Structures are given as C-alpha cells and as structure tokens.
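Some structures are shown below for you to check.
In what comes next, chain A is part of two complexes: it sits with chain B in the first one and with chain C in the second one.
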Partner chain A sequence: MINRILTMFAEAKDLITKRLRNDDTYIEIAYIDSLCDESKISEAIFVPFSRNQKPFQEIVEFSSEFKPVHEMTEWTSSLLRGYVLVHINGKYYSYDASRNIRIETQTTQVESSIQGPQLALTEDLKDGLNLIRNRYPEPSLAVEERTLGTVSKTRIAILFDNRKVNSKVLKNVQKKLLEINSDMLHSAGEVVRELVGNRKQLFPTTLISERPDRISNSIAQGKIVILMHGSMFGIILPVTFFDLMNSMDDQYEGFWMSRTLLIMRYFSVLLTVTLPAMYISIVSYNPELFRVQLAFSIAGSRSAVPYPSFIEVLVMLFMIEMLVEASVRLPRYIGSTGTTVGGLILGQAAQQAGLVSSIMIIVTSVVAITNFVIPNNAMAFAIRFLKYPLILLAVFYGITGVCIGMFIYFVYLSSIRSFGVPYFRLHGKLTRSAEGDLGQVSST
Partner chain B sequence: MNRYYYYSFLYVLLINIMMFVPNILIQNRFTGGVSSMLLAIPFGTMLVLVFSSSMTKFPGKAVPEILYERYPRWFVTPVMWVLASIYLLGSIIVLVAFSVVINRFYNPDTSSTIVLYLLIAACIYCATRTTLSLLFILEMLIIINAPLVVFVLGKALFTSDLDWDAMHTVANYVTVKPNLDSFAAATYIFSGYLNLSILNRALPPNFRLKHRWIIPLVGTLAMFTSVFIPIGFHGTEGVDEYLFIWSITADSMKMEFGFIERVLFLYLILYLNLTLLFTTFGWHKAMEFLKSTSKSYKPELDADKTPILNWVICGSFGLLTIIYSIVVDEKQNYNIAGKWLVIRFFTEVISAIWIFWLAYRVRSKSKSKSKINVKEQTESK
Partner chain C sequence: MRRLISLVLFTLMFGIILGGCGFKDIDKRFFVVAAGIDESGNPNKPFRVTLRLAVTSPKIEPGAGKSQIETIEAKTIAEGVRELKAYVDKELDFGHCKIFMLGEKLARTEMTQALNWMTRRRDIQMIANVSIGKPSAEAILQIQPKTERYPGNTLFLSFGKEGTDSSYTLSEYVFGLRKRLTEKGIDPVLPIIVSERDTYRISQVGLFNKKKLVTTLKPEETQLYNQITKTYLKSSLGGNVEDDPYVLTVGKIRSNYNIKNGPQGKPVVQMIIRINGLLEEAPKMVFEKDWTPIEQELGRQYSKAVVQLLKKFQRYGVDPVGFGIRYRATHYSGGDKTWQDWQRMYPNIDFDVQTHVTIEGTGLIK
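Then we have the complex of A and B:
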C-alpha cells in the first residue's frame, strides 16, 4: 500500500508512512501529519498495537471508528481529509484523526439579536449539524452530504425536512448543485453565486445566515439549508423578498413594536431608494410640489450652491458611499477616526463652504442611515444600488421618471423566482385555505 | 384566489378617468347621461356575472384556447386579431392621454413625446413578463395605491368646496332617455372582468366567484364619484370646459397639513401607476391573443425565459403607439376614445354571450354524460 501511495502523491514531507510489526501482526499505516491530530492516532493505533492486549485486527474490526475502505480510488481523498489509512491482512481501513483549526468563539457576529440565542454556526460541518439537530429534533430531518469543487473538495450538507420540503424546489437545487463546475469553493457566497446561475441578478435569492435558530426555523417552514465545511454561514433557500427583510428579533419581541418596526423598515427602504432622486426632481423640476414655506427654505439653503442639484447629489452620495466603504474595511482603532473626519467634513465644512446645501446633508444622512436598517447584508447591498438608476431617471424626467422607475423595480422584483418560488408575492390568508393556488392547471 | 379577480376588476374601474368616461358622461349630463349610468349598473353587473361564471366552466383555459378547441383556425384567428387590436387601442389611448397630462400638469417644460417614450419603454419591459408575475405586480400596486385612492376620494367628499346642489341639479335629469354613447361609456366601469379572458389560465381549477355583491357596489360608487365630484367642484356648466377634468378637480383640493399642499401631485402619481398597470395588462393581453394565432403556440403561465417573440410583439406595440401619438392629436384622441368605448361595448356583449353559450353547451354535455353514466350504472345493476 505504501509504495502505491507514495507514487500517488507529490513529494511531501508531511506524508507519513509507517510499517509496524508486533508479535503476531504486520500493519502499514499512512497519514498526512499536518492534517491529523497525532495524539488521536497514537491513542487509537500505536498504543493498542504495541501493547497487543487484544489482537489488533479484532480492535479494528469491532470499532466503529475504523471504516473499511473498498476502493483504491478513495485512498487519496480520505488521506487528504485527515484520515489515517490502515492496511491489515489484506484489508484497508480508514480512521478519522483530523484536526480542524477554527475560531472557537461561537457568538453571533453578523446577525446579532438582543435577546435571542447568541450561538452561531461554526466552521466545522459536524458542529453545525449538531447545533441544528439539537434545535430540530425531528426524525424527518434529512441530511445529504456531498463535496463541491473539483480541487477544494469542500464538504457540504443539504438539510431539509422530508415531509415539508417542496419536492420541485429540492429537485431544482439538487440539479443545480450537480451542475456546479468550479475548482475552488470556500465561502457560502461563492456557492450561492454558482447556484443562482444568473450572474446579473440584482437581488439575493438565497439567505446566508449564521444563526442556527434561523436555520432550524426555515427548515420547519419547508426550506432547504446548505451547510458548508469551513464556512460559518449556512445558505437558506428558497427565500422571498420579505424573508430577507425580516430579522430574527421580529419573532422574539412583542407583537406591536415588532410589527411597527417592520413597517418602518419598509418605509426606510422606500426612503433610501427614492430620496436622492426625489431631491433632484423636486429641486430642479417641481419645486411647487412642496408648500410654499418649505419650497422657500429649500431654495434658500441652496442659494450658495453654484451647480445643479444632481451634481450636488452625486458628490454627496459618492462621499457617503466612500465613508461607508472605508469604515467597513478599516481596523477598529482607525475606524472611528475615519468616521469622525468624514462626518465633520460631510456635516459642517461642506455646507459652510457652499459646496452643498444643508438640506442635502440631511438627505444624505437619511439615505445612509435608512440603508443600515435593512437586516440582511446582501439585501442592503442590492437596495443601496437601486438609487442610482433612479437618480438618472430623475435627472431627465423628474418625479415622473422616479415613479416609472419604481414601477419597473416592482415589476422586476415580481418577475424574479427563487428556485421556482415567486420572490415578491404577498401571501394573504386566502392561499392557506382550501382554495387552490394560482397556476395549478398549467403547471400539472 | 378571488382577490386577484377583484384586483383586475379594480384597476380597470379606476382607469375609467383616463379613458375619458367622465368626460363623455358629463357632456351628456343633460341629455341622458344620468339615466344611462343607472341603466349601466344592472347591465354591467349582469355582463360581469355571466362572463365570469361561464369562464369558470373552463378551468385553466383562456379565451384563445377555448375558441381554438371548438372552431376552425381560419375562423378564430381573425377574432383574435380583432380582440388584440381592441385591447391595444385601449391601452394606446390611455398612454397617449396620460403623457399629455404629465406634460400639462407635471413637467410643462418637457415635451409629451419624450415622456411617452419612457412610458413606452417601461410598458414594453413590463408587458413581456409572464402572466403570473403580472398578477403579483397587480396585487402589490393595488395595495400600495389603495390608500391614495381612498385619500383623494375622502378629500374630495369631505371638503366644503363641494357643491352638493350642483350634483342634485344634474341628478334631476334622470328622466331623460339614455343614449348609446354614454351607456357604453358607463358600462366601461365594469369591464375589468374581461381580464379573465387571459388571466383564467392562472386561476385555480376550483375557482368560484365569491362576494359578488362587491361588483355592483363598487362599480356604482366609482361611477358616481368619477362623474359627480367634478360637477360638485366646477358647477353644472363649468364642468364641461376641461378635457382632463379629474386633474383639474384634484387640483381644486388642498391639503392643509404635511409637506405637500396640492392633491394634484398625489393624484398624478396614483394615475401614473394605474396607467402603467393598465397598459402593461392591455399589451400583455393583446400579446397573448396574437401569440395564440400561431400554430406552434403553447400557453405558458410562467416561462423561465422571456421568449424573443414577446419582445418583438411588444416592441411593435410601442412603435404603433409612437405612430399613433404623431398622427393623432388630443382632440382626436378624445373622439377616438368615445368610439372605442362603443366598439368595446359591442365586442364585450358578444364575447360574453358567446362564452356563456359555450359554457352552457359544456354544462349540458356533462349533464347528459352523467345521465348516461347513471343509466349505465342502473343497467349494470
């Protein structure tokens, strides 16, 4: 066995091969040093083998930790996953001695919740499965395991509730997973991009989450979850626009305030998308839209600004986007400096210098803040983009252009399907009653 | 799925203002408009109920499929062409009228043709979407716009500027004999049910029309508000002087609180949405009718990829709209709208009766079949 393995691998110092013999048996073992936990190996193999209180072959045959390997093709893949290969009396076994380096802190970092569970998924697939199994103790929970990526061979697990899952969606997802033809896959985002297929899709049609509670909730709703080894995030699909606008806290907090917050969230999406465009169209096209006093005060604050409103808007939006972008990437210590400098320049100096109007500063900050309200990161990015085409329409058409642009956005949203499920559809009570749903006749 | 039916009923009902229905009725206010309106309520309701309940006998089938199954191709194809052109013309009238409204009330500096191009581009994109997507948009937009409708209506009804005496005066002309023009215009309020001729594909097989009382109630309300509120604002004589009567009426209202003072702007945003919705649906229906004339056509509710044919057909619709807007001016557009309303009225009646007859035959066939079954069963016993 050892000779064969040595021919299969390139010269690698951490590939350890040993031939061992005790009183009655002769074994060959091979493992990759850097992937394995040496103490595990010595505990399971070296110590019992050298003591030889029990014939080693019996140990191997009875223990469930040693799995028989039937195909020679499996050798390399199991070695590369941190397994130890054991050859004993013409039979081959593998033993899992893998050592995973991962972040130990398990608190949620991206999707924090005030009073909800604080536990997050870890980068280990097994731990992730453990967390979800614990939260979803149902026999109907199905777990399929696969590897993705021809080189990275990332292990993934597909989880769904057998009774609740939509079989059409499941088939669709499985087909698309098979079609993935990529070398390296390391993050959930890459998998999502490969799954969705349409590279130019603006809105996210999957939900990437690190919260086990969210994942188990989605499984209970009949959704499919993909967990990845080496990524702290699970992929939930199919999702709708409204799922992406939901935060977990909405389910944990009281009815009235969480509903009110939800309404405000949608309102803030409307603001962040339309406000810059509306500013342009009101200042440059229809100042008479506002009541006279307000129109005057806007015009007064703009009196020092020497250029048309859309240049003002573009300058300020560029500044705020750069500020946001910079503060995301900067280390924590410098981050606060960046925001202070940016805030001061944007807030005071620009206005006093007569570069922008003070109303424009309010507009910019409202746009930025309302965008942060969106709970999902991918969604927030998509919505952040939406304002630019509207600005273009506002420059040429005023309010009419903005309204038509919004209409087109609605149509675009409605025509998106997340793995065959309508993305932007309101579900009233009527759909859950005995009455049939739309599109039943033609789909069958 | 009744709500989708009522949404499609609602947006047509609201678009009547862009279709010059109030203008025609107001013109005939002393010569039979009021009695035509009263007559149109039972008649329109009857058409709605006859057509809708007949369509439920053909679950999942649109009018083209129903007709092609029963009649030879050479006979049905011209019918499809006629239906498509009627829908197309209706949407073009509304679109052109609204581009002029925007030019008059919103952006007097921009030419109405430039606005029209943008509207056309938006409608081409929207009409090429799948039927199912359009239903979702319909629901969304109706829900978003409903507060605006309620607000404008409430504002109109509860302001002190509304002159109820003028309305009384016009209402007293109820005894004058009705005429065809105003009768056809008034029945337009109910004509949203014709959406079912394509949307029936999407409705579930066990669809039954519930809450039928909504139809006459809402129809009556819409008809009377859209005619009598302008009369209340502008008086019995002055009301005749405007072409875009409702824009002027909305501009007569004022909001005392809040950022915006003039109701006109809310009204225009509302009708911009409705116009886009109406044109999108009109073109989509026309497109589906045209597509059904091809032999290899298969009705598809939610295709994964937008067929190129959709783009071609809707693109040519857009081109036709541009040509129309060049050839026809505002006054002619108004006159064409009046004629369109009459032609539409007759096609509506014919198609309702036709579908009713087909449904009747289907029912009698299935009844006789079940009778035969019963006989067979008794014989076998």
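Then we have the complex of A and C:
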C-alpha cells in the first residue's frame, strides 16, 4: 500500500508512512501529519497495537471509528481529509484523526443582537450542524452532504425541513449545486455567486447569516440552508427583500418600538438612496421646494462653492465611501484615527475651504448613517450602489429623473426571483389557489 | 439584449439634450421675495415693476436680511421682468416670491392684466399672496424692516399662518384671487399694506368688483368681514351693556347663512352667527351676574354691525362673501337664468342677522 501511496503523492515531507509489526500482526499505516492529531493516532492505533492485549485486527473490526475502504480511489481523498489509512491483512481501513484549526465557538460579530442569542456558527461543519440540530429538534430536518469545488473539495451540508420545504425550490437548488463548476470555494459569498449564476445581479437573493437562531427560524419557515465547512456563515434561500431588511432583534424586542424601528429602517433606505439625487435636483432645478429660509441659507453657503452641485455631491460621496472602505480594511487600532481624520477634519475643512456647502456635509453624513442602518451587509452594499445612477438622472432630468429612476428600481425589484420565489413579495398570509401553488410565479 | 441596452443608452443620450438649460444652481439664482406692480403714469410704458431681490448669506440673524430693489418701467409686466434680467447678475427666480403687490392706483384702474401674468408664469406659485400697496407698491417694497432675519420674512410671516394671526389681516392667494375674479357671484377682496415708517400695517381690505378696486373697508369692518367668513379666528368682540364695557375674546366663531324668500316674497339672506368666547374686559363681579342678558345685548349689537357691513357691500354692488355663488348653487333654474335672477335680486335683498353669543367664562379663576 505504502509504495502505491508514495507514487500517488508528490514528494511531501508531512506524508508519514509506517510499517509496524508486533507479535502476531503486520500493519501498514499512512497519514498526513499536518492534517492529523498525533495524539488521536497514538491513542487509537499505536498504543493498542504495541500493547497487543487484544488482537489488533479485532479492535479494528469492532470499532465503528475504523471505516473499511473498498476502493483504491478513495485513498487519496481520505488521506487529504486527515484520515489515517490502515492496511491490515489485505483489508484497508480509514480512521478519522483530523485536526481542524478554527476559531472556537464564539459570539456573533457581524449580526449582533442586544438580547438575542449571542452564539454564532463556527467554521466547523459538525459544530454548525450541532448548533442547528439543538435549535431545531425535529425528525423532519433533512441534512444532505456533498462537496463543492474540484480542488478545494469543500464539504457543504444542505439543511431543510422535509415537510415544509418547497420541493420546486429544493430541486432548483440541488440542480444548481450540481452545476457548480469551480476549482476553489472558500466563502459563502463565492457559493452564492455560483448559485445565483447572474454575476451582475444588483440585489442579494440569498441571505448570508452567522446566527444559528436565524437559520433555524428560516428552516421552520420552509427555507433551505447551506452550511459550509470552513466558513462561519450559512446561506439561507430563497429570501425576499423584506427578509433582508429584518434583523433578529425585531423579533426579540418589544412590539411598538421594534415596529417603529422597522418603519424607520425603510425610511432610511429611501433617504440613503434618494437624498444625494434629491439634493442635486432641488438645488439646481427646483429650489422652490425648500422653505424660504432654507433656500436662502443654502444659497448663501453655496455661494462660496465654485463647482456645480453635482460635483460637490460627487466629491463628498467619494470621500465618505473611501472613509467607510478604509475603516473596514484598517486594523482595529488605527481605525478610529481614520474616522477622526476623515470625518471631523476633512468635513470641517472642506466646508471652510469652500469646496462644499455646509448643507452638503449634513447630506453626506445622513446618507452614510442611514446606510449603516440596513441590517444585512450584502443588502447594505447593494443599496449603497443605488444612489449613483439616481445622481446621474438627477443631473440631467432633475426631480423627474429621480422619480423615474425610483420607478425603474421598483420594477427591477419586482422582476427579481430568488430561486423561483418573487423577491419583492410582501409579507402576509398566502392564499393558495391550487395544489403546489405558493401564490407565486415560477422562475421557469 | 446588447441591442436593447444600446437602444436605451441612445435614448438616454438624446434625453440629455432635453434637460436643456433647466440646470441652474441655487446660488446662481436671484430669489425675488416680493414683487410690486404699479402704474407709472407714462402712457408708453404704463407698468412700473419693482422687484425685491434677496441677498443671501449663510448667517441668519436678526437684521441680517439684506435685499436689493430693482425698478423698471415697461409696456407689459412680462417685458419689464425680462428687461430687468439685464440689470442683475443672476437668473431671476420667482419660486420663493410669496408676496405680489398691486399699487393702489393700478388697482383702482385695472388689475386683470397683472393677475393674468401671475397665473401664467411657470415659476410663480399659486399660493403666493396678493395684496395692495398704499400709496404704491414700490413705496412698500422700499421699506426694509430692521428685525428681518432674512429678506421678506416680515411680509411672509404677516400673511402666512405661522407668524401673526391678526384678525385684521386677510390673506388672499393667487389662485383664490383668480377664482374670485372669474367666478360669478363672488368678488375679490385684497388686503391693503400701508407703510408706517419702518414697518407695515395690514389692517384694511379693498373691495373689488370684477375689474378694479371699488372701496376700502375700515379696520373694524375688516375684522367683521374676517369673522363672518372664517371659523376659529382669534379675534375680539366688544360692546357696552348698561354702560359697562365688555370685550369678548372669540375662541370660536361660525356663521351660516341661507337665502330664502321672506314673508312678503322678498328674498332675505338669513345669517346665523355663533360666537363662543371668554371675557377679556368686564366690570367687577361679573361672575355673580346673570350672563344671558349680556350675551343677548352683545349679540344684538354685533348683528347690527354685520348688517351695516353687508349693506355697505350691497351699496357698492360687490359680493365678497359669496352670497351669489351660494344662490347659484342652491337655486338652480337652468342655464344662466339663476345668475340673472340673482343680479336682479341682490341690490334690494334684505339681511337678517342673528348672533348667538356664548360666554364661556370670565377669564378668572374664582
């Protein structure tokens, strides 16, 4: 066996092969030590073998941890996953001794909640399944496992509630997973991109979440969840626009304020998308829309600005986008310096130097802050983009352009399907008119 | 798909041309805050157009509102405004012009042309206030009140709903004036602004027939007119009962009227006015008294004043309350006949006004 393995692999120092003999048995073992936990191996193989209190072959045959390997083709893949191959009396067994380096089970970081569960998924698939099984103890929970990526061979698990899942959507997802033809897959985002197919889609049609409570809730709603080994994010699909605007705290906190916050969230989306465009179109086309006082003070503060309003807007938006981008990339220790320099000093100085008007500073900060309100990162990214086409329309057509732009956005949103489910469908009880009908338009 | 995209882009590119010269930054516009139209006396150039332009500044503080006055004489108003553009460095914008003033002389001769211009021009808002400037619109516009935070604010606040709500001030919008000017059975009324050194007094109204100013009302009559045409007007009502002066601050006032045929077949306008209010001035110990006679006496005196006012309208042949339009609405008898009937009836119609005053309290806590 060892000779064959050695021919299969490139010369690798961490590929360990051993021939062992005790009183009555001769075994060959092979493993990649960088992938394995040595203590596990010695505990399960070396110690019992050298003591030889029981014939080693019996141990191997009785223990469920040693799995028989029938095909030679499986050798490499199991070695590469951190298994130990054991050859004993003409039979081959594999033993899982894999050692995964991962962050320990930890608190949520991307989707934090104030009083909700603080536990996040981990990068280990098994732990993830454990977390979800614990939160969804139903026999109907189905778990399908497969690997993705011809080289990376990333293990994924597809979870859904057998009774609640929409079979059409499930088939659609399974088909799309089979079609994925990519070498390396490491993050949930890549899988989503491959699944959706259309790389130029503006809005996210899947929800990437790190919260086990959110995932189990989605399973209960009949959604499908894809967990990935090596990524602490699960993919929930299909989703609607309104799912992406929901934060888990909306379900955990008091009724009135959480609903009010929800309304404000939609309002802030509207603001962040339209405000720069509206600023241009009101300032440059229809100043009569302001109150007199505001119109005069804007005119006064703008009189020092040498460029037309849209240049002003673009300068400020460029600055704020760079600021946001920089503070994401910067290490946490310098991060606050970046915001101070950018936000306070630049904003103040730009206004005093007469590059932008003081109202524009307010507009810019409102745009940035309202964008942060969106609970889902992918959604926030999509919405961050939306304002730019509107600015273009505002420059050329004023308020009419902004209205038409918004109309186009709504039409586009309504035309999107997330795995066959209308993306812009409002919440509410569905009335089924026929069997298998979800009150929705099918994608095909 | 690619063809579709290029088609859309192509259309958009053509659309860019359509945007045209609409793009004009706010700081490149000269906001007109008030416009005055006078008669110049020159037969070749009968109109004198005066514009009050706001000089904007980023600081807004009392007394900081500066403005620039431009005057021009022209054959027509539109030509005058166009010619004025050559006098200033920025584009004139009427978007914030909330005050339009007609000179008294112009109002007494002809006002339809000015209104015509106001309603047609795109950037003039129909919610702008129209008024009469006395002695002339230009004289009023030259006044620069010392406390103004931004140019034009004093006049905006006087006419708007958020500043003073004096019961002597009437505000009339462009659309309202146009309605009153074109509708049969209701005649225009405009407030008169009188200059008082550095500030304005707006306590009178001018009555119009369909063409020009006919007469003006005294301040007390103006308040009466406001009271019978509006509800919830903060105003006052005074009178003497047994030589004691009483003043009632009116919290609520409602008036209803019907046009009926009287006992002798003579048409009568029956008006019922209900006033609720608190006593603001009264003799001592009024709480102990029986209020009913006081209420009745105040009501009687008030009715008398209202009848006098309505008779005055009748005498001048104007109908600012809109009895005619009510009659047309309630006595339809086909075609133009109702209107002709009303025109025949109005000069001799009788007025029967009843006022029910309710005193809600003495204004004191016992």
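Everything below uses one rule, namely that the second predicted complex is superposed on the first by the 424 of 444 C-alpha atoms of A that agree within 3 Å, B and C clash if a C-alpha of one lies under 4 Å from a C-alpha of the other, contacts with A are read in each partner's own complex, and residues count from 1 in each chain.
Just so it is clear, contacts are C-beta pairs under 8 Å (C-beta built on N, C-alpha and C of every residue); 3 or more make two chains touch, one makes a residue touch a chain.
Note that the coordinates shown come from a computational prediction; the quantities given were computed from them, not determined experimentally.
Participant: After superposition on the shared chain, which partner residues are touched by A:205: those of chain B (first), chain C (second), both, or neither?
Facilitator: A:205: touches no partner chain.
Participant: According to the stated criteria, A:376 is in contact with first (chain B), second (chain C), both, or neither; which is it?
Facilitator: So A:376 meets neither chain B nor chain C here.
Participant: So, A:286: does it touch chain B (first), chain C (second), both, or neither?
Facilitator: both
Participant: Could you tell me if A:113 is touching chain B, chain C, both of them or neither one (first, second, both, neither)?
Facilitator: So A:113 meets neither chain B nor chain C here.
Participant: After the superposition on A, what does A:403 contact: first (chain B), second (chain C), both or neither?
Facilitator: first
Participant: Based on the superposed arrangement, let me know which partner A:308 touches: chain B (first), chain C (second), both, or neither?
Facilitator: A:308 sits against chain C, while chain B stays out of touch.
Participant: So, A:247: does it touch chain B (first), chain C (second), both, or neither?
Facilitator: Neither: A:247 stays clear of chain B and chain C.
Participant: Please work out whether A:426 is in contact with chain B alone, chain C alone, both, or neither, and reply first, second, both or neither.
Facilitator: First partner only, chain B.
Participant: Is it chain B or chain C that touches the larger share of residues in chain A?
Facilitator: Of the two chains, more chain A residues are contacted by B.
Participant: Just to be sure I follow: which residues of chain A are touched by chain B in one complex and then by chain C in the other one?
Facilitator: 285-286, 288, 292, 397-398
Participant: Flag every residue of chain C that touches chain A in the complex, lowest number first.
Facilitator: 15-16, 18-19, 22-27, 29, 31, 33, 54, 56-60, 93, 95-96, 98, 123, 125, 149-153, 156
Participant: Which stretch or stretches of chain A touch chain C in the complex?
Facilitator: Its residues touching chain C are 283-288, 292-293, 295-303, 305, 308-309, 358, 395-398.
Participant: Report the residues of chain B in contact with chain A in the complex, numbered from low to high.
Facilitator: It is residues 1-4, 59-61, 102, 106-107, 110, 114-115, 118-119, 122, 125-126, 129-130, 132-137, 139-141, 143, 201-207, 259-262, 265, 269, 272-273, 276, 280, 299-302, 304 of chain B that touch chain A.
Participant: Okay, in this complex, where on chain A does chain B touch?
Facilitator: 285-286, 288-292, 294, 393, 397-401, 403-404, 407-408, 410-411, 414-415, 417, 422, 424-426, 428, 430, 435-443
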